[in-house]
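Below, each structure is written out as C-alpha cells.
What follows is chain A paired twice: with chain B in the first complex and chain C in the second.
Coming up: the complex of A and B.
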C-alpha cells in the first residue's frame, strides 16, 4: 500500500494536460458535426417543401375544368372546343377560387388557352380529356323511306315543310306524332350510344330535312400550372 | 491485497482512454444518427401517385362515357357483358386506351373476363381507378414508362 500510493498520483498529474487537449478536440469535432447535421436537416426540409398551396390550386382548378358541370365541358372529361375559346381568366377564377391571387396558365396540348401572369416556377397538374367539336349535318330525305344517320348524335332536328308526316320513329320507337300532320321544326333528343335509324309512317309523303350534330372528339392533355 | 495491488499497477501501464474522447465519439454517433434520420426517413413526395391516379381516373371516365362499338350501354359495359364480347373487343380496347393515355404511360385494364395491357411492375408508382359497370368492376392501372 505504501508503494502504490505515489504511483497512482504520478500519472494522473502527467495526464492533466492531455485531457485538456482531448477535450478541445472533442468539442471541435462535436461542433463540426452539429454544423453538418444542421446543414443536412436544412437541405431535407427544403427538399420536402411541396408547395401545397400551389398544388391544391392546380389540382382543384384542373378538376373543376373537366367536371361535368363546368362551363367548358359537354360531359365529364369532354371539353367543348368552342366554349374553351371564350374562357377568360376572370371566369376561371370564379370557377376555381384558389387561383385568386396566383399566376396561372392553362394549356391544352401545349397551347396556352388562359393565362394570367407568368408562372415560371410552380406546380403543374395534368388531366387527360377529350376535346369535342360538333358540326351540323343536314340531309334531305324522302318521307316514304327510312334514313340511317352514319354517325351518332345526341339530338336530331326535323323540318316538315313540304312533307305530310304524322309519325316519326327513331329505331322503331315513336318520338313524334301528330294526327293532323307534323308542322314546322321539331328537335328530338336521342341516345348517343346507338346508331340511329329514322323512319316515318307508312302514308308519309314529301321530303323531310334532317339535321344532326355528330361530334368529333380528339384526345388531349389539359395542364394547369399555378405559381402563387 | 494481492489482487488490489496488481490492478493498481496495471492502470498506468495501459494509459486509460481519455473520457472526453469517448464522450465526443458517442456524441458524434448520436448526431450522425439524427442527421441520417433526416436524410433517410423522409418519405418521397407522393405527387407522382396523385398524378397517376388522376390519369387512371380520366382514362376510366373517358372509356365509361364512350358509346359501345356494338351492343351494351357504354364501351366498358360492352367488354364486361360476356367473355365472347371481351375477346372480340380486347384489341380495340387496348388500342383505344393506348391512344387516350399517350406514349409516356403504360396501362393495364382488368375486367371480370380478362385483362388487356401490360404486366403490372413491382416497386414503381402506379395510379388506379375503378369503374363500376353492369357486368362487374373494371380496374384501370397506369404507370410511367
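Coming up: the complex of A and C.
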C-alpha cells in the first residue's frame, strides 16, 4: 500500500512529461518545416528572376546596332566591318541608351568588338547578322571594248585621262554622255542587284580606269551581353 | 512541477497513510490540468509567435519581392513595346498599337510615365518601382504620356519623318 502510492503516481507524472515532450518535439518539427518552406520559397523566388532589365537592354542594343539607320550598318542587318572597328563604347551608349551605367560586351563570332567593364553575370542575346567588307578594285580597260565587273557593286568611278570617250553605257543604258568627250573622273551609281557590264561608244579610243567597290558579306553571330 | 507529487508522497508516506493517499489523489487530479494548461499555453505561444513572424516579417517581404519582379517585367515589356511601335521610315505616319499591362501589382493600381527618353513605373508601395532608358532611333523626337493600369493602354506614334512623337495614351 505504502509502496504502491508513489508507484501509482509515477506513471501519471511520466505520462504528463511524455505529452509535453511530444508536444515540444512536434512544435520543433513544425518550426523546422516552416523554415524549410521559407527556404524553398526563397529559392523559387530567386530562380524566377530572369533579369528582365538586362535582357531588354541586350535585345534593344542588338536591334539598334543592326538597324538600317545605325552608324555601323550598310543596310538593315548588314554590319560594316570598317565602321565596327572604329566603334567606341561612348558611341555605342549614345546609340543604345539602355547600356549607360552598365557593363557590356559586343562580340562578333566570339571576338570582342566593344567592351566596357566585366559583364560575366549578365544576360547575353545572340542573333545572326551579316558583316560586309568593301574594298576598291581598280582595273584599266581599253575603251574600244567592254568590261564585265566580276563582283557586284553599288558605284563605279571612271577616269578618262588618256581616253577619248563620249558615252558610257552600263548594261546597255547610257549613264554618262558628253558630246565633246568626257573629262576627269565621274562616279556612277549602279544597281547592286545585277551583274554590271560597262561599254563605251563605238568611236572611243585610249584606256579608261574603272574603280569598283565590290562588297563581300559573311554570316556571323552578333552577341550582346549586358550586366546592369 | 512533475517532481512535487513524488516529494509529497515520500515525506508524508510514513506519518499518515490516509492523508498521503489523499494528497496523492489530489495531486494526481491536478497533474492533467497543469499539463494541459501548459500544453495549451505552449501551443498558443507557438501559434502566436509563428503568425507574428510570418505575417509581420516574411510574408510582406516576399510579397514586396514578388511585386518588384512583376514590376520589372511589366516595365521591360512596356519599354520593348514602345521601341517596337516605331514604324519604318515614311513621309508621314500615324500608328496606334494597344499594349497589355497587368491590371494591378501587389493589389493596387500603378502608372507608367514616359519622361526624357525614359519610362518610369510609379506605384503606391515604395518598395515597387523602376525606371528604364529607351533605345529609339534618331527620328523619334519625343516620348511623353502616362499609362494607368487597368485602363485601355495604347501607344500612339504620329508625325513626319525625322520628327516622330510617341505618346502613351490610356482610355
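Basically, the second predicted complex is superposed on the first by the 187 of 228 C-alpha atoms of A that agree within 3 Å, B and C clash if a C-alpha of one lies under 4 Å from a C-alpha of the other, contacts with A are read in each partner's own complex, and residues count from 1 in each chain.
Here is the rule we go by: contacts are C-beta pairs under 8 Å (C-beta built on N, C-alpha and C of every residue); 3 or more make two chains touch, one makes a residue touch a chain.
No experiment lies behind these values; they were computed from the predicted model shown.
Trainee: With both complexes overlaid on chain A, does A:219 touch chain B (first), chain C (second), both or neither?
Mentor: first
Trainee: Could you tell me if A:77 is touching chain B, chain C, both of them or neither one (first, second, both, neither)?
Mentor: Touch status of A:77: first partner only.
Trainee: After the superposition on A, what does A:202 contact: first (chain B), second (chain C), both or neither?
Mentor: So A:202 meets neither chain B nor chain C here.
Trainee: Identify the partner contact of A:126: answer first if only chain B is touched, second if only chain C is, both if each is, neither if none is.
Mentor: So A:126 only meets chain B here.
Trainee: For A:33, using the defined touch cut-off, is the partner it touches chain B, chain C, both, or neither? Pick first, second, both or neither.
Mentor: first
Trainee: Per the contact definition in the header, classify A:97: touching chain B only (first), chain C only (second), both, or neither.
Mentor: second
Trainee: Quick check for you: in the superposed arrangement, does A:56 touch first (chain B), second (chain C), both or neither?
Mentor: In the superposition, A:56 contacts chain C only.
Trainee: Both chain B and chain C touch chain A; at which residues?
Mentor: On chain A, the overlap between the chain B and chain C contacts is residues 1, 8, 10, 19, 23, 27, 30, 34, 41, 45, 48, 50, 55, 59.
Trainee: Which residues of chain B touch chain A once you look at their complex with the stated criterion?
Mentor: Residue list for chain B touching chain A: 5, 8-9, 11-12, 16, 18-21, 23-24, 27-28, 31-32, 34-35, 38-39, 42, 45, 47, 50-51, 54-55, 58-59, 61-62, 65, 67-68, 73-74, 99-102.
Trainee: Quick check: in the complex, which residue numbers of chain A touch chain C?
Mentor: 1-2, 5-6, 8-10, 12-13, 16-17, 19-20, 23-24, 27, 30-31, 34, 38, 41, 45, 48-50, 52-53, 55-56, 59-61, 63-64, 67-69, 95-98, 100
Trainee: Hey, which residues of chain A end up touching chain B in the complex?
Mentor: Residue list for chain A touching chain B: 1, 4, 7-8, 10-11, 15, 18-19, 22-23, 25-27, 29-30, 33-34, 36-37, 40-41, 44-45, 47-48, 50, 55, 59, 62, 66, 75-78, 125-130, 152, 192-194, 219, 221.
Trainee: Given the complex with chain A, which residues does chain C contribute to the contact?
Mentor: The contact residues of chain C facing chain A are 2-3, 5-6, 9-10, 13-14, 17, 20-21, 24, 27-28, 31-32, 34-35, 38-39, 42-43, 46, 50, 54, 58, 62, 65-66, 69, 72-73, 75-77, 79-80, 83, 89, 117, 130, 132-135, 137-139.
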